[in-house]
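Going by the order they are written in, the chains are A, B and C; count residues from 1 in each one.
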Amino acid sequence: MEELQTLKNGADVLFLTLGAVMVLAMHAGFAFLEVGTVRTKNQVNALSKILVDVAIAIMAYFFIGYFLSYGISFYKPVPELNIASGYELVKFFFLVTFAAAIPAIVSGGVAERIKFNAHLIATFFLAALLYPFFEGITWNSNYGFQGFLEKTFGFGFHDFAGSVVVHAFGGFVGLAAILVLGPRMGKYMKDGKVNFIPVSNIPFLALGSWILCIGWFGFNVMSAQAIEGISGLVAMNSLFAMAAGIFTSLIIGKNDPGFIHNGALAGLVAICAGSDVVHPISAMIIGGVAGILFVKFFILCQNKWKIDDVLGVWPLHGICGAFGGIAAGVFGLEALGGAGGVSLMSQLFGTILGVIIAFVGGYILYKALDAIIGIRVSEDEEYAGLDISVHNIQAYPEESKL
Amino acid sequence: MEELQTLKNGADVLFLTLGAVMVLAMHAGFAFLEVGTVRTKNQVNALSKILVDVAIAIMAYFFIGYFLSYGISFYKPVPELNIASGYELVKFFFLVTFAAAIPAIVSGGVAERIKFNAHLIATFFLAALLYPFFEGITWNSNYGFQGFLEKTFGFGFHDFAGSVVVHAFGGFVGLAAILVLGPRMGKYMKDGKVNFIPVSNIPFLALGSWILCIGWFGFNVMSAQAIEGISGLVAMNSLFAMAAGIFTSLIIGKNDPGFIHNGALAGLVAICAGSDVVHPISAMIIGGVAGILFVKFFILCQNKWKIDDVLGVWPLHGICGAFGGIAAGVFGLEALGGAGGVSLMSQLFGTILGVIIAFVGGYILYKALDAIIGIRVSEDEEYAGLDISVHNIQAYPEESKL
Amino acid sequence: MEELQTLKNGADVLFLTLGAVMVLAMHAGFAFLEVGTVRTKNQVNALSKILVDVAIAIMAYFFIGYFLSYGISFYKPVPELNIASGYELVKFFFLVTFAAAIPAIVSGGVAERIKFNAHLIATFFLAALLYPFFEGITWNSNYGFQGFLEKTFGFGFHDFAGSVVVHAFGGFVGLAAILVLGPRMGKYMKDGKVNFIPVSNIPFLALGSWILCIGWFGFNVMSAQAIEGISGLVAMNSLFAMAAGIFTSLIIGKNDPGFIHNGALAGLVAICAGSDVVHPISAMIIGGVAGILFVKFFILCQNKWKIDDVLGVWPLHGICGAFGGIAAGVFGLEALGGAGGVSLMSQLFGTILGVIIAFVGGYILYKALDAIIGIRVSEDEEYAGLDISVHNIQAYPEESKL
C-alpha cells in the first residue's frame, strides 16, 4: 500500500508537471501570436515583453502572489520542501503559469506603443497583487466567497480552468490598459477615418495560435490537479469547442486566416469554465458562439468603438471568457445533459465580480503608472518602432543592414 | 485494490490524452510543411486548409465516422459519459486525430490549385465515410475481416500505428485527387518541358518536419491505447527508422534539405505498422529503405510521370506506408529476430486492399465533386494565388502593402 | 501486487519516453536558435547539420557509445529485448538524446564555415567515443571514478542532469573546434578592427530558445529516470533558474533580445547539476549569475579575445555549465538550505576533469580531421554561403529566383 502511495504521488507530480510545462509553452504561443500580428518594427519588442513577463511574474508570484492567494510559502530547507515528491512545488509551477498569462494577454492589446519598463512594472503588480486576489476568492475556499455563494444560491462559482479567473480577468485588465494608453498613432484620424494597419506575418500568427491550442490541453486537463481527477470529458470538450470556434469564425469571418486562428482560441477560452460539467454537444455550441462573438466584437472595437486593441484581447479573452463563465451555469445544468452542481446566479455573480475587479483594478494600476512614470513611448519612438528604440535592433538585422 | 484501479484508469486516460495532444500537434506540422513547400502566394491557404480540416474532421467523425468504425455513440448525459475517468472520450480524441490526418495528407498533394470549399467538403466525406470504413475493418474485429485473415493465413493484418490505415490510405486518396485535379499551371509544358517551381521557405518546411517527428512518438507509442501495453520497443524503433530515413535520404538526395526533412518522415511512416514487432536493427533497415523510396519516387513523379504532387504525399505516405505494411510481415517474423505473430500474406492482402479502397474511393469522391461543384480554381485565381483570391489577404500583408 | 508492478513499469516507461521526446524536441530548438543567429545564406546548412547530427549520433551511440558508457548491448530477439515494457530501450532513447546534444552544441560555434562532412564525421566520434567516456565515468559507478571521489572527499561528483556531462562538455569541445577552425572571413581585420556580423532572424532565434526552454523540463525532470524519483523541486528550480537568467541578462544585456533569449538558457544550463539538491532561492541565484556570465563572456569572446563563437556556445554551455557543476557543491550544502550529500572538492574535481577531457579530446579530434580531410570550406564557398555551396539551394528559393 505504501508502494501504491509512492506511485500515486509520482503520478500526480508528473501530471501537474506536464500541465505546467504545457502552459509554460503557451507563452511561446502568446509571443508568436503577437509577433505575427504587430508590424515588423515591433516584433522584437513583442518577443521580449512576453519572455520577460514570464520571468517577472514567476518572481512576483513566488515572493508575494501565491502567498496571497493560497497562504503557502516556501521558506524551508529542501528536505522539508520536497516531501511527497514535491507535489506542492509543481502545484506552484502549474499555477504561476496561469498568473503569467495575465500580462501575456494584456501585452497583445497594448502592443506597439507601451513603454517596455511600464509594462514590466505592471506585470509585477498584476502577478503579485491583482490576479492573486481574485484567484484566491475563487479557488481558495478559505476566503469565504464560495461559502457565501453556496449558502445564497446553492452552489459556488464554478470556473474549472479559468474562463473568468484567467481569461476574462486578463481581457478586462487589457481593456483598461488600452483605454488609458489610447490608440496607435495614425489609427484613427481626426476626420473620423479609420486606417487599416496591416499585420506582418500570418505564418507566425498561425504558429502562435497552434502552440496555444496544443498547450491549452494542459491548461484544461491538468486543472484537475491530480491524476485521480483527470477527466476525458474535459479533453473532449476542449477539442469540440476549439473545432466549433474555428468553424463559426470561418463562416462569419469570410475565410480570414486571422479570424480562424483566433476563432480556435475563442472556443477554448469559453470552454475553460464548464469543460468538466457540460456535454460535448454543448461544448460545440459554446465554442461556436465564442467564435462568432470574437469576430463581431473585434470588428466593433476596431472600426466602430475605436478601441485599438491590437490582437483583440478584450474580445478574445474578455468577452469570450465572460461568456464562458456564464455559459457554464446554463449548459452545466442536468436538464441540458450536463453534470449539474452549478448555479446560473453564482456564475453571473462570479463573472461580473471578476470583470469589475479586473477592469477597475487595471484602470487604477495603469492610470497610476501613467501619472508616475508615463506608460506611452514618445511619438518618435512609436514611429521608429519599439524594436529599434527600446532594443536597439530590428527583427531581421541582416536585412536591415543591407 | 479499488484505489489501484482508479490510478490505473487515470493513468490510461492521461496516456491517451498525451497521445491525442501529440497527434493533434502534428497537424501544425502538416501546416508548416505545406507552408514552406508551396509558393508564398499560397501560404495562407495552406494554413487555413489544415486548421479547418481539423475542425470539420472532428465533427464528421463524431457524428458519423466513429460510429461507423467502432459502433460507439455519445448521446448520453455527462455522468454516464465520463465513467472510468472518461476513457472512452479520450479514445475518441486520440482516434479522431488520426482521421483528421487523411485530409491533411491529401492537402499537401493538391495544394496551390484546389478550391477551398471543395477541399473542405472532401474532408467531410473522408472523415465521415471513406476512412472509417477501412479503419473499421482493420481495427474493429467485429467487421470479420481480421477473422477471415486469421483463418486463412494464420494471423490477421497487423498495422500497429497505421502505416496503411492512415498513411498509405491518405497517400493513395491524395494520388487520386491529384490525378483528377491535374498539375499546377505552368508546371508541364506542351513541348514536354518540365518547369521547376521553387519552394518558398525551407525553415518553415523544416519546422513542419520537426513538429511531425516529435508528435509521431505520440502517434506510435500511444497506439497501445493503454499504459499496460506501452512498449519501449515502439519508441526505439520509431527513433531508429527516423534516423535511418534521414541518413539514406541525405545520401540519395545529395544533401537536399527538403529530402532529408521528408526522409525523417518517410522512415516514420514506414515503421508505424511493425514498430511493436520488429527488431531495432530491422527498424533501421525499414526506415533506410523508406528514405530511398521517397526520394526516388518523388523525382519520378515530378519529372517523369508528370504527377504534380506538390509535397510528395504519394511517395511519402502512399509508397512508404504500403512498404511499411508489407515490411512488417517480413521483419516481424521470429526468424528475423522479430516478435512473430504476423503473416506476410495477410500483410500483402491488407495493404493492397487498403490501397485499392483509398484510390478507388478517392477517385470517385473527387470526380463526383468535380462534376457537381468543380474542384479547381480558375486560372486567374491560381495565377494570383489562393491567399488573395480565397482569403483576401497575403501571408505578409505589411510587406505586400509597401 | 503483480498488477501494481505492471502499472509501475508502464509508468516508468511513459515517464522516460516523455523525457526522451522532450529532449529530442530540443534539437529543433538547437536548429532554430542557429537558423536565427547565422546569416541567411547559411540557414539551410544550420537546419541540415542539426537534423543529420541526430541521425548519426543515434547510430554511433547505439553501435558503440552506449556500450562504452553502460556496457549494455541490444543484440537479442524482440521478446527478450522488450521485457518490463521495454524500459531498457527507452532508457537508451533518453540517453541518446543527451549524446546527440554534444554535436548540436558544437554546431552553433562552428557555424558558417565548417565543412558539412567534417562536422558529420566529428559527430560520429563525439557520440561514439568522447562523450560516452566521460558520461561513463560520471554516471556509471562501475568505472570506479565515483568510488574514488567518495572515498577521498566523502561524496561523489554530483551532476544530476548534466551541467558538466552534457553542457560544459559540449561547450568545451566547441571551444576546441572553434580554435582549430578560426574565425569567419571578414570578422577580424588585420588592423585589429572587429566587424559586427548581424544575425538574420530574431523570431527564429526566439523560437529556438522557447523550444529549448520547454524541452529542458524533460531534460531535467526525467533525469530521475523513474517515476519514483520524480521531484517537483527539480521542476521548480529549473523554472527559477530560467527566470533569473532572463532577468539578469536583460539588465546586463541592455534589453537585447539575443541576450535575454540566451539568458533563459544560461540559467537552465547552470541549474542542471544541482537542480535536485538546491533550494529554489539558490536556483534563482545560480540562474542569475549564469545570465551575467553568459553576457559578459560572450562580449569578451567576440570583441576582446577574438574567439568567433557564432552562437556563444562556449559562454553558454561551457562557462555556465562549469559554473553550475561547481555551484551544486556550494548551494547543495545543508548549511545553505540544500539537501546535502555533495562535496565542493568532488564538484571541482569532476568539473575540471570534464572540461579538460572535452577540450583536449576535442582539440585532438578536430586537429586530426583537419589534417586528414580539412575541416574548413574554401573562401569561395564561405563567401557564397554554405546553403548554395553544400546544399545547392537557398533558404527562401522562391525569393532568390525572383
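In the analysis below, a contact is a pair of C-beta atoms (placed from the backbone, for glycine too) under 8 Å apart; a residue touches a chain by one contact, two chains touch by 3 or more.
No experiment lies behind these values; they were computed from the predicted model shown.
Asks: Chain contact graph: line, ring, star, complete or other?
Replies: complete
Asks: Once the Cα atoms of chain A and chain B are superposed, what angle does the rotation have, between 0 and 180 degrees and to the nearest 5?
Replies: A turn of 120 degrees brings the C-alpha atoms of chain A onto chain B.
Asks: Taking the mean of the CA coordinates per chain, how far is chain A from chain C in Å?
Replies: 33
Asks: Touching at least two other chains at once: which residues of chain B meet that condition?
Replies: 4, 7, 11, 18, 201, 207
Asks: Which of the residues in chain B come into contact with chain A in the complex?
Replies: Of all residues in chain B, those touching chain A are 3-4, 6-7, 10-11, 13-14, 17-18, 20-21, 24-25, 27-28, 31-32, 35, 43-44, 47-48, 51-52, 54-56, 58-59, 62, 74, 77-79, 81-82, 85-93, 96, 116, 201, 204, 207, 390-401.
Asks: Tell me, which parts of chain A touch chain B in their complex?
Replies: 4, 7-8, 11, 15, 18, 22, 39-40, 198-203, 206-207, 210-211, 213-214, 217-218, 221, 227-228, 230-236, 239-240, 242-244, 246-247, 250, 254-258, 260-261, 264, 277-280, 284, 334, 337-339
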